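Here's the structure, in structure tokens; my notes come after.
By letter and in written order, the chains are A, B, C, D, E and F; residue numbering begins at 1 in each of them.
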Amino acid sequence: MSTLNIINKSPFEKRTLDQCLKRIGEGDSVLLIEDAAICAVAGTAYAEQLIAASKQSKLYVLQPDLQARGFAEAALLDSMEQVDYEGFVNLVVTHDRVHSWL
Amino acid sequence: MSTLNIINKSPFEKRTLDQCLKRIGEGDSVLLIEDAAICAVAGTAYAEQLIAASKQSKLYVLQPDLQARGFAEAALLDSMEQVDYEGFVNLVVTHDRVHSWL
Amino acid sequence: MEDDEYQEGGEIKKFLYVNRRLPHGTAYAIESLETVLIGAAFDQDVSMLFIDDGVYQLKKEQAPDCIDFKNFSKTYRALEMYDVEKLYVERESLEERGLTTDDLLVVVELIPGSEVKALVDQQDVILSF
Amino acid sequence: MEDDEYQEGGEIKKFLYVNRRLPHGTAYAIESLETVLIGAAFDQDVSMLFIDDGVYQLKKEQAPDCIDFKNFSKTYRALEMYDVEKLYVERESLEERGLTTDDLLVVVELIPGSEVKALVDQQDVILSF
Amino acid sequence: MKLAVLVNEGPYQHQASDSAYQFVMAALAAGHEVMRVFFYHDGVNNGTRLTTPPQDDRNIQKRWSALADEHKVDLVLCVAACQRRGIVDEEEMKRNGKDASNIAEGFRISGLGQLVEAGVEADRLVTFGD
Amino acid sequence: MKLAVLVNEGPYQHQASDSAYQFVMAALAAGHEVMRVFFYHDGVNNGTRLTTPPQDDRNIQKRWSALADEHKVDLVLCVAACQRRGIVDEEEMKRNGKDASNIAEGFRISGLGQLVEAGVEADRLVTFGD
């Protein structure tokens, strides 16, 4: 029973990432889209929290949203997998449900 | 030279309150309106931070926004002064500028 | 890519409405509640979860008429009549806000944060505005 | 209740545009920039301050065309031609995000967070979207 | 698989409508069915034909209308949200005594039940918002 | 004192337009001048006459229109924001080849310069947004 959790806001702006991570666990995935994409980059203040989360959940970032914001070439967190929109659709299909944390 | 800083979002949802408080100081005021009104109430996780801020800045809350959310009768932080819309207008007029932290 | 777990019609799905925002500052709370009421006609298995600032939606003594807003908070009391009876509130969300179940308009089931995942894992559809 | 500090016309006012949001996820960044460009015609004393996620507005190599958005980031380079030359970036905001001035499209004045208040205190009008 | 999409924000202000569009296009390209896109809250503002975006920018409304035409995707605007925000078709115009309509081609106005129905009938529902 | 107000969000979705209205009413009651209310971003959606809010709810557009009428407050919608969001007056209708207009009474569409001018001329500018 796995959930795809979608986060679309920067953790510097809203607390959504915190609020999601503390309530998910084994088998769940997190997809960072839109403004949330920037925290996939290595070296931000949220790197540690995401690395810790990656021990139990799979982390994905929507590549076009990273590229739009100037991070196509940036070093990402090791545990972060890039997907395009096709990959996004695949994640939706291969999880049991989708939870958009708005 | 005093600034009226307006915050309209809950600190549980957005980091605006933090981001404002760390950049203001002597002579500045903070007015909590809309969803931000709830942190004027005593006993929330943000009480301490606001009490610390009140040592250097004046804190105000828009009473109608508190009342709308069910806190007309609630105990507020000691340092918190309630204003109505007339008081809001007075704050705008008696400060040198207004900074809405959106 | 086919998923035959649920056939159209007949099958009952489990819907979870997740409420995470304050009322009045935005319209998400009222429009979420409207969805729940309309959805009740579909005879699905509905639960509502109030976490984070969503717990404020259930605060007693709301008086939004003082800012010319409709007071829809009484509607939470009417949910029972629509057979929406599973209202979950996360304990930590109340605590951080200095609230207790006595502050709430309706009787709810208080759950610890550690049980939110188990609740979510039972659902077919999650609506969070 | 009268304030005679500024008479209409003649007097030059100090405008500060405070940019605190990421570009693209919302339209605030582009619409703030449009205001600055239009405002340049008014011959006021304009400064722009980039703090919090606003520093991302100046990130090099933005390619929003990949999601069919206009790439307005080049416009920050044109601000000089509009006599908008005072661009301030808060050092701590860059650091928290793992960025340096080398990552930015334009030459800016880096200021510590402790100097933001002094900058704000000089202003007549603050626009923050 | 049968998918449904919910869009809660209007055009240009938030990325939600853009993200939803890109998602729907990718889903169709992968051979999935998108049975409905439901527009709620400010999302109903995607359905006005009166926008004139800058010529060098994307036309969000026309993109949705073309999608409806080419792929027969059902684009539904919530009637209650439309009434609060001023999105009107011929029927709403008459019913509410308005002197103009502004709905764009390919969209239809209907009840919130269409969202719940999409949740019931689709295998997955994906929400895009603020 | 001479005040100006900026509204960045549309009606019903965010409290911004309500807060701005209450503020303007209180300012007028206290004897201040409100020289302009400028609507930017989604704020321009306050200026459509096509809304039909529930009868037991406030009518945000009508409230603004009445304010303009009774207190001669200048309500200005940003033209660029209107074009992206579909708010149209007679002139914009002709200019952009649209078949309907939807602007409400008491509002006018003009350039962003009107916002900067308000900042220059008013003693204080107060912003309401998301």
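Just so we're on the same page, a contact is a pair of C-beta atoms (placed from the backbone, for glycine too) under 8 Å apart; a residue touches a chain by one contact, two chains touch by 3 or more.
Nothing here was measured: the structure is a model prediction, and the numbers come from that model.
The fewest steps needed to get from subunit C to subunit F, moving only between touching chains, is 1.
Listing every chain that touches subunit B and subunit F alike gives C, D. Most remote chain with respect to subunit A, judged by CA-atom centres, is F.
Residues touching across the subunit E and subunit F pair largely coincide in numbering: over half of the numbers involved belong to both copies. Chain pair C-F has a twin interface among C-E, D-E or D-F; that twin, with over half of the contact pairs alike by residue number, is D-E.
Centroid distances from subunit D, each centroid being the mean of CA atoms, peak for C. Subunit B and subunit D have centres, each the mean of its CA atoms, that are 25 Å apart. Our note on geometry: subunit B versus subunit E, Cα centroid distance of 38 Å, whole angstroms. Each of the following residues of subunit B touches two or more other chains: 8, 12-13, 15, 34-35, 64, 93, 97-98, 100, 102. Touching of two or more other chains is recorded for residues 1, 24-28, 52, 67, 69, 125-126, 128-129 of subunit C.
Within subunit F, the positions touching two or more other chains are listed as 1, 8, 12-13, 15, 22, 30, 32, 41, 54, 80, 84, 123, 125, 127, 129-130.
Checking each pair of chains for touch leaves A-B, A-C, A-D, A-E, B-C, B-D, B-F, C-E, C-F, D-E, D-F, E-F. Those residues of subunit A that touch subunit C in the shared complex are 1, 3, 15, 19, 22-25, 28, 93, 97-102.
Those residues of subunit F that touch subunit D in the shared complex are 1, 6, 8, 30-32, 40-41, 80-81, 84, 111-113, 115-117, 119-121, 123, 125, 127, 129. Interface of subunit F with subunit C (complex): residues 12-15, 18, 22, 54, 56-58. Subunit B meets subunit C in the complex at residues 8-10, 12-13, 34-35, 38, 41-45, 47, 64-65, 67-73.
Residues of subunit A that touch subunit B in their complex: 12-15.
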